[in-house]
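The structures considered in this document are given below.
Both complexes shown next keep chain A, but they swap its partner, so chain B is in the first and chain C is in the second.
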Partner chain A sequence: MCDNKILSIHSLKLKNDDDAMDDGRLVINRRFWIDKIFSQTDRALDNKFVAKGLRLYSARSVANRTRTFVAKKNKVVAPKKVVAPVTPVEKTFGKGKRVIAVKASKFAPSIPAEIRSTAAKKVQQKVALRKTITPGTVLIILAGRFAGKRVVALKQLDSGLILITGPFKVNGVPLRRIDQRYVIATSTKIDVSSVKVAATINDAYFAAEKKTTKKSEGAFFSDEKKTEKKKIADSRVADQKSVDSAILAVLKKEKFLTIYLKTKFYLKKGEFPHQLKF
Partner chain B sequence: MEKIYSKGVVLGYRRSQATQYPNISLIKIEGVVSREDSTFYLGKKVCLVSKVSKSAKNPTGHKISWGKICKAHGSSGVVQARFARNLPPKAMGAPVRVMLYPSNI
Partner chain C sequence: MISKFSLFVEIGRVVVINYGEYINKTAVIIDVLDQNRALVAGPHNGVERHIINLKWINLTPLKVNIQRGARINTLLAAIKAGDLENKIVALTAVKKINARAAKSNQTDFERFKANLIRRKLNKKVSGEVKKLVNIANRAAHKKAVAQKAAGHVKKTL
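Coming up: the complex of A and B.
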């Protein structure tokens, strides 16, 4: 509610001396500042309280005003609605007949999809990656299946998640996505400039497979336990190999790096994370 | 055992002399002795592991109560934590695990 908003005096810039009184005291004309802060178009959507529990515009009115505002904002010209002539319904009640007027819907008209859809397009905000995480940084995974493993960061995907790899041969961590919040970035960096991550390895690549199993009666009643191991697609194995080969070549130059990535991170006795320098 | 969490102890609820607020538990984290040290742990997840009777749904019998460290308490490194469900009084003095995530490093 506009009128109830607390305005910070310091955030308001005085444009002319008319805002101040002669004796130096600042008089704030609330409506004036509200108008300055909220643009004219936003005021169209303002539906203030006229009395306790009673708003100025009805739901239907608000819907119409929003539709007009949104259409104007997106410069959408809605086609002229052709109102079909409503034939009065004649109903028989017992003996006589009566014409019943068609009642308009008591619910406010919905804003048509073509106007609504252009209104507020949710742009996926770019997730800022912590400065300590760069391609080639050795990360410590803090939770999940690979908790404690030291891993190489490759890049940030569109969803904001980080693409990592063990490399697989070193510590068993495959190409995987992880959130930066579940990771500690160490100061160790590996040169991954020679690593080429295919553009096909993106968020869609890691999307969970939709289960297409249809429950069949036969399978339901059978005692066979489905213990088949999930087979990893050959393409995945190939992708893993192509990414890892470049990294392994870099790791070969310094032997301790391979050993470093092989060892798990854990807190030893007397080690406290707030005292550690990663 | 290889642990990637800090050990802590539940001291009790946040309280004054005659009133206690069970929605906030006080946690003393091992090795944290000053308010400055405790800033590392703010926002970190905490969990209390307790044993319950084994059942089909819970075959191991471990019950984990999750919470997060919300603020420092005093100047000696004690910390306040809010749990999804308030900790039971039985938990006072019980060990608690302070995880290293959500990480800020």
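Coming up: the complex of A and C.
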């Protein structure tokens, strides 16, 4: 019995400051847990004293973190709490009676949660694309599986990432998202006005599929999964084709454009990317 | 004694500046100050009238008809009168400079196209060369066979 108990305590994730005694009793570092819980709930407002009269953060810095000024600007008013009138209590102590004064709160009044929640709401700003990247720009991918490939930018998605396509038939790059940091924008532009990208092709479209539940032990050891190849959904193939067919028609209009996209970018001897014009 | 030089640092000589602020621009020598320096100006392409070290300039075969110490306007008139701007563009040195500038200004797609065309051209040229070499080899072989048949024995050590 006793052993089991110790074992169970040891299996808990303990902070170093907590001590599990040999006999199974748990000695908790109270201060640590209080600090931790407090810091999680009220982290933004936590401004500790580092010395007498000296706080860790400046008033300006705290204001920035709590963003209460936003609430002030937007005039968010917290509903007033109805405070029950506290009447002094009379208690008997042995022979005599004594009136016990109401204790004032030890902590300074905090900012009401309503105000804080409003203030903390940040509107996600739209990511500004480089001016050189516009729909139809030929991009050179710099990192990842498709590094060196020349692809066509289609549009910017809400997340700020760029929607690109190879086209798949030309260089094997499917409809894909990429951050603008991982591309070089060339000055070559392709007219993609005829290309219609369905509204369904958005950030959610590219979100990773949730993995199925854990495999059973038998499945884990079997070799079946190696032979299985992930099949691409027909809808994706159709989307790819509908986008690419329009682009391919445009590519045909200019000589060398298709083979240009087909060819990987590389640096030759004596070429330096900072000296090149793209 | 006949000088082995054909181009001289002299008044009116058109030069290409090869160093400094006005690199790759042409100018005209207005005055020769000493054996190291000359006074040049290029009013046709924005080169200020200034003293320049002779090591910083390359001489060209062109010359303008001006007097020593000519003023800018006089020089400009002389340049126009001699149709110099067209002649300058035709200079080999200037052509090279322009070609280099054009090359460094190429975009990625233009570079790619140039590369493609060059490759095609090289393939064609090397094919033609190969053909000529084959013909020559065949002829040489024929000649050797004929000589052997005639009883000529190659000297061997």
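Keep in mind that, in the parts below, the second predicted complex is superposed on the first by the 153 of 278 C-alpha atoms of A that agree within 3 Å, B and C clash if a C-alpha of one lies under 4 Å from a C-alpha of the other, contacts with A are read in each partner's own complex, and residues count from 1 in each chain.
One rule holds for everything that comes next: a contact is a pair of C-beta atoms (placed from the backbone, for glycine too) under 8 Å apart; a residue touches a chain by one contact, two chains touch by 3 or more.
In this text the structure is predicted, and so the values were computed from the model without any measurement.
J.: Could you classify chain B and chain C on chain A, in the superposed arrangement, as clash or fit?
T.: When both complexes are placed onto chain A, chain B and chain C end up side by side without any clash.
J.: Figure out whether A:Gly148 sits in contact with chain B (first) or chain C (second), or with both, or with neither.
T.: After superposing on A, A:Gly148 lies in contact with chain B but is clear of chain C.
J.: Quick one: classify A:Phe265 as touching chain B (first), chain C (second), both or neither.
T.: In the superposed model, A:Phe265 contacts both chain B and chain C.
J.: Just chain B (first), just chain C (second), both, or neither: which does A:Thr188 touch?
T.: second
J.: Check whether A:Phe93 is in contact with chain B, with chain C, with both or with neither, and answer first, second, both or neither.
T.: So A:Phe93 meets neither chain B nor chain C here.
J.: What is the contact status of A:His274 with respect to chain B (first) and chain C (second): first, second, both, or neither?
T.: first
J.: Taking the superposition as given, does A:Val138 touch the first partner, chain B, the second, chain C, both, or neither?
T.: In the superposition, A:Val138 contacts chain C only.
J.: Counting only touches as set out at the top, which of chain B and chain C does A:Phe256 meet: first, second, both, neither?
T.: Once the two structures are laid over each other on A, A:Phe256 reaches chain C alone.
J.: Of the two partners chain B and chain C, which one touches more residues belonging to chain A?
T.: Ranking chain B and chain C by residues of chain A touched puts B first.
J.: Considering the aligned complexes, could you tell me the closest Cα pair distance between chain B and chain C in angstrom?
T.: Least C-alpha distance: 13 Å.
J.: Just which bits of chain A does chain B share with chain C as contact spots?
T.: In the superposed arrangement, which is not itself an observed complex, chain A uses residues 265, 275, 278 for both chain B and chain C.
J.: For a test of understanding, state which residues of chain A touch chain C in their complex under the given definition.
T.: 138, 140, 186-188, 256-257, 259-260, 263, 265, 275-278
J.: Which residues of chain C touch chain A in the complex?
T.: For this pair, the touching residues of chain C are 104-109, 112-113, 116.
J.: Over in the complex, which chain A residues touch chain B? Could you list them?
T.: Those in contact with chain B are residues 130, 132, 142-143, 147-148, 180-185, 264-267, 270, 272-275, 278.
J.: Which of the residues in chain B end up touching chain A in this complex?
T.: Touching chain A from chain B are residues 2-6, 30-32, 37-38, 40-41, 99-105.
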